[in-house]
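As written, the chain order gives the labels A, B, C and D, with residue 1 at the start of each chain.
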Amino acid sequence: MAKICSLAEAIGEFLRDGDTVAMEGFTHLIPHAAAHEVIRQKRKDLTLVRMTPDLIYDQLIGMGCARRLVFSWGGNPGVGSLHRFRDAVEKGWPHRLEIEEHSHAALANAYVAGASGLPFAVLRGYTGSDLPKHNPRIKFINCPFTGEQLAAVPSVRPDVTVIHAQKADRKGNVLIWGIVGVQKEAVMAAKRAIVTVEEIVDDLEADANACVLPYWVVSAVAEVPMGAHPSYAHGYYERDNRFYTAWDDISRNRDSFTGWMERHVLATRDWAEYRDVLAKTGGKL
Amino acid sequence: MAKICSLAEAIGEFLRDGDTVAMEGFTHLIPHAAAHEVIRQKRKDLTLVRMTPDLIYDQLIGMGCARRLVFSWGGNPGVGSLHRFRDAVEKGWPHRLEIEEHSHAALANAYVAGASGLPFAVLRGYTGSDLPKHNPRIKFINCPFTGEQLAAVPSVRPDVTVIHAQKADRKGNVLIWGIVGVQKEAVMAAKRAIVTVEEIVDDLEADANACVLPYWVVSAVAEVPMGAHPSYAHGYYERDNRFYTAWDDISRNRDSFTGWMERHVLATRDWAEYRDVLAKTGGKL
Amino acid sequence: MADFTTSEMMTVAAARMLGNGTVCFVGIGLPSTAANLARLTHAPEAVLIYESGPIGAKPEVLPLSIGDGDLAVNADTVVSTPEIFRYWLQGGRIDVGFLGGAQIDRFANLNTTVIGPYDAPKVRLPGAGGAPEIAAMAGEILIIMSQDKRAFVDKLDFITTAGHLTGGESRKEAGLTGKGPTAVITDLCIMRPDPETRELVVTDLHPGVTADQVREKTGWDIRFANDLRETGAPSETELSVLRDLLKRTAEAHGTGK
Amino acid sequence: MADFTTSEMMTVAAARMLGNGTVCFVGIGLPSTAANLARLTHAPEAVLIYESGPIGAKPEVLPLSIGDGDLAVNADTVVSTPEIFRYWLQGGRIDVGFLGGAQIDRFANLNTTVIGPYDAPKVRLPGAGGAPEIAAMAGEILIIMSQDKRAFVDKLDFITTAGHLTGGESRKEAGLTGKGPTAVITDLCIMRPDPETRELVVTDLHPGVTADQVREKTGWDIRFANDLRETGAPSETELSVLRDLLKRTAEAHGTGK
């Protein structure tokens, strides 16, 4: 049953050191505020799962929260590399990062399998790719009826999934609309789910077939306006493309990254204070 | 690309003798008008697939259109038996009917696998049931990662799927809302798709995440108001429970069934004329 | 004490077993009546899920079919039928599965497929529907059936849905995850599986019902608990809410009975 | 003839290959620019699908990311990301896959994973994304990449996405269903696979480009078709529509360049 509380409480109670954590949002509704809180609370040894690791995972990796990364595309969308991710993989800074690498199709299917209570997913995939040579968690099976060969990957079953959504009602029912990505599957696949929302309302006013997560599959809901920034929330605010571009400079070297994170995240009490500092610094160093 | 045409043309062009046909609609939006047209055009040797064979399949079976039935629950919902279905299985009238029997979970998964271009579906199912003893198309496989045993069934890939929906626009984009059942999967799993709709409109006015089938996955769209009766169309008309009850008497013996079908279906030109006759007879014999 | 029918007693006794806030996968017919009675009395927070797609359904009147529009109108959300079986049932999100059946045996296995041989059935029944996987994966199963020698049989012609199979640990050994049937509620009594043998034992007799009446309507040598209790009679509230519900339903469906 | 840049020529040449009414799975960046240019010129009925979920996307400005809100606003519908990969791509509903890449070899295999050894990469690239399955299952694949010796290499350090593998029938033998890459469009030329060997052959040189320029920018001994053609220069319309689109985009994203 959903607990309506502050983001700090939600992360404090439901996200622990060593957890397998999925933070999802396919460029839309990326839970940036929640990732900052994980960094503030200095979580470590996390296995991070995400189809498209971008700025939030660059920050978590650079701050040493992650032991392992399960992913299918890691970059700064529309800008270029993730420098902290690359530094960890190429040079082991701040420490070595284990990676389990998939294709989008495989990881999306792995979430579906997890949500469906199955141990593995079957897909037509990876044929001719070198990925299976380097990822022992990609296998091939045969259809028991046609004999056809298909790929199999283990399902993703996070200890906790973290997402950002547009709205929740006072019971904790959550509404996501627009580009819904893989969020529903990520929540249904997880043991616990933390959801930040733009606003908590009396009535979701959701369409009958809208993407709604009932309160009893959600562990905690925290109201965090602008909680997806620099990602966007459809119907609330647009993507801050300037920040994505600025991040390329901020994250390019270790000192500038660390300095920025200390000033903007570690030195701030919460997301609201972070937003104030950000307004002053203009996101610059 | 969707052809907007009459129901007679749609069935005439896209549904052939010997086809594997899925007519779906989980008590909501059942394509009754389309089934009548199949009977009028005297299609035969059909393999009929449907999770919940009810009145339309009772009619198709009783009129000798079906060679084989793939299903998971066959009854008159809230009333009792399907007498024509039982007569075919128990006494082979009007001729023997082959059956392939599943559970809802398996057949729903088989549609999903068909829609996903996979040859089979994996589910946690059938454990302890006698169904696998009588259906060779239920097998058991082991997870390549955990060794766990799971059930496997072949995917459903109909030659043609027939559904009824609330609206289509003039291009043939289709909107279904409310209880959407397995219709999207049935359409995506099929080579061809015939859709009857309550009305053709200029703009679907669909929510961003509504259940919409783009015109280019639909073969034909026919406007057939009340085309789901005695089933219902959410937002248009309610379920005619009296008709379901009346059907129990009409279908109970062969002569009354045949007489009713001749008068109401074979002797009528189309659904509109059927509706007129039905209004006169009040659905009685 | 109010006057009530055995069928009212059955529905009320079944409804009482659904705890408030539990997530319940509801079969059509008697289970749906009992689940909605629970929701309208002691369990307002019970979450009702129907296989047609509604989650958190709050029907004004009882659905005649599993997909009645009224199920969708007040639901928290409506998902596709495959999603119900994949993410919600198989995903392990269901606390209680509420089932009926045509035939049941002493280990609460159910037959809804055939009377007689499968390939030459004397009576062809509707089939499995969602029952096999509901009974396998819900946390526990409640079964509600009117009692009758032809329904409560010594041996099933066909096991459609596994209850406790051959009793003892056989259910667990078969790899079934949920607890399986924890109670069978009839118009005469309540039966529960023996903790060791898993054979159904009468634990509660409805008011005015005798052990002999139960024996007469059971196809096997039914056992009775030593501490056999009497089911509490329906309260005024339970009866009036149930009767109003059935009245509203008959009017709405034009099936006045 | 209008004045145009080599990058404009590349985008225009790629856009021309997208037929009206085709269903196109669009990668972000150059493919998205070309696909939208096609939609805004000769292919108004082209159906654009992005892996984030929009089907029939009609963005006013180019998305910087695959999930920009503008993609959802005018789309025919928006589905979940798993559904895109399961029902639409794997379901066989895609005519053309429009891809870019970091490195390509003579058989149009793509590397977007690593430069150097996988376990100790010199450069760690973003990874596969949707490419391996798009290239496997779309009816055919168009690849658009700026030409450069470090991008058009003799041997890939890593095959992320299979093109024609080792050439000849190797793609079909591997069990890949779609036709695979049918054209590679660069800022200098258009390459197409040889019908037998499947090795990329230059079939069209962009206006003013020489064979030597292409050789200098290709990491293998690139072959040229006997009937080598010259790409038609961008028309006034193509150029103005493209420039307006890029201008609108820069303004909207505040990335003015």
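FYI, a contact is a pair of C-beta atoms (placed from the backbone, for glycine too) under 8 Å apart; a residue touches a chain by one contact, two chains touch by 3 or more.
Only a predicted model underlies this, so the values are computations on that prediction, with no experimental measurement involved.
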Larger contact count among A-D and A-C belongs to A-D
Would you kindly say which chain has the C-alpha centre located farthest from the C-alpha centre of subunit C?
-> D
Whole-Å distance, C-alpha centre of subunit C to that of subunit D, is 57
Could you give the separation in Å between the centres of subunit B and subunit C, each centre being the mean of its C-alpha atoms?
-> 28
Averaging only over C-alpha atoms, locate the centres of subunit A and subunit C and give their separation in whole Å.
-> 41
Residue numbers of subunit A (touch at least two other chains) = 112, 117-118, 123-124, 178, 180, 184-185, 208-211
Of all the residues in subunit D, which ones touch at least 2 other chains?
-> 72, 78, 86, 90, 137
Using the touch rule from the top of the page, what pairs of chains touch, sorted by label?
-> A-B, A-C, A-D, B-C, B-D
Mind pulling up the subunit C residues that touch subunit A in the complex?
-> 21, 23, 47, 55-56, 72, 75-79, 86-87, 90-93, 137
Would you tell me which residues of subunit A are touching subunit B in their complex?
-> 117-120, 122-124, 137, 139, 141, 143-146, 148, 150, 152, 154, 177-178, 180, 207-211
Residue numbers on subunit B that touch subunit D, as the complex places them | 1, 112, 115-118, 173, 184-185, 188, 206, 208-210, 212, 214, 216-217
Okay, in this complex, where on subunit D does subunit A touch?
-> 28-29, 51-54, 63-69, 71-72, 78, 80-82, 84-86, 89-90, 109, 113, 118-119, 121-124, 126-133, 136-137, 158-162, 165, 171, 174-176, 253-255
Mind pulling up the subunit B residues that touch subunit C in the complex?
-> 26-28, 51-52, 71-75, 77-79, 81-82, 85-86, 89-90, 101-105, 108-109, 111-112, 123-131, 134, 149, 178-182, 184-185, 211, 232, 234, 238-239, 241-242, 244-245
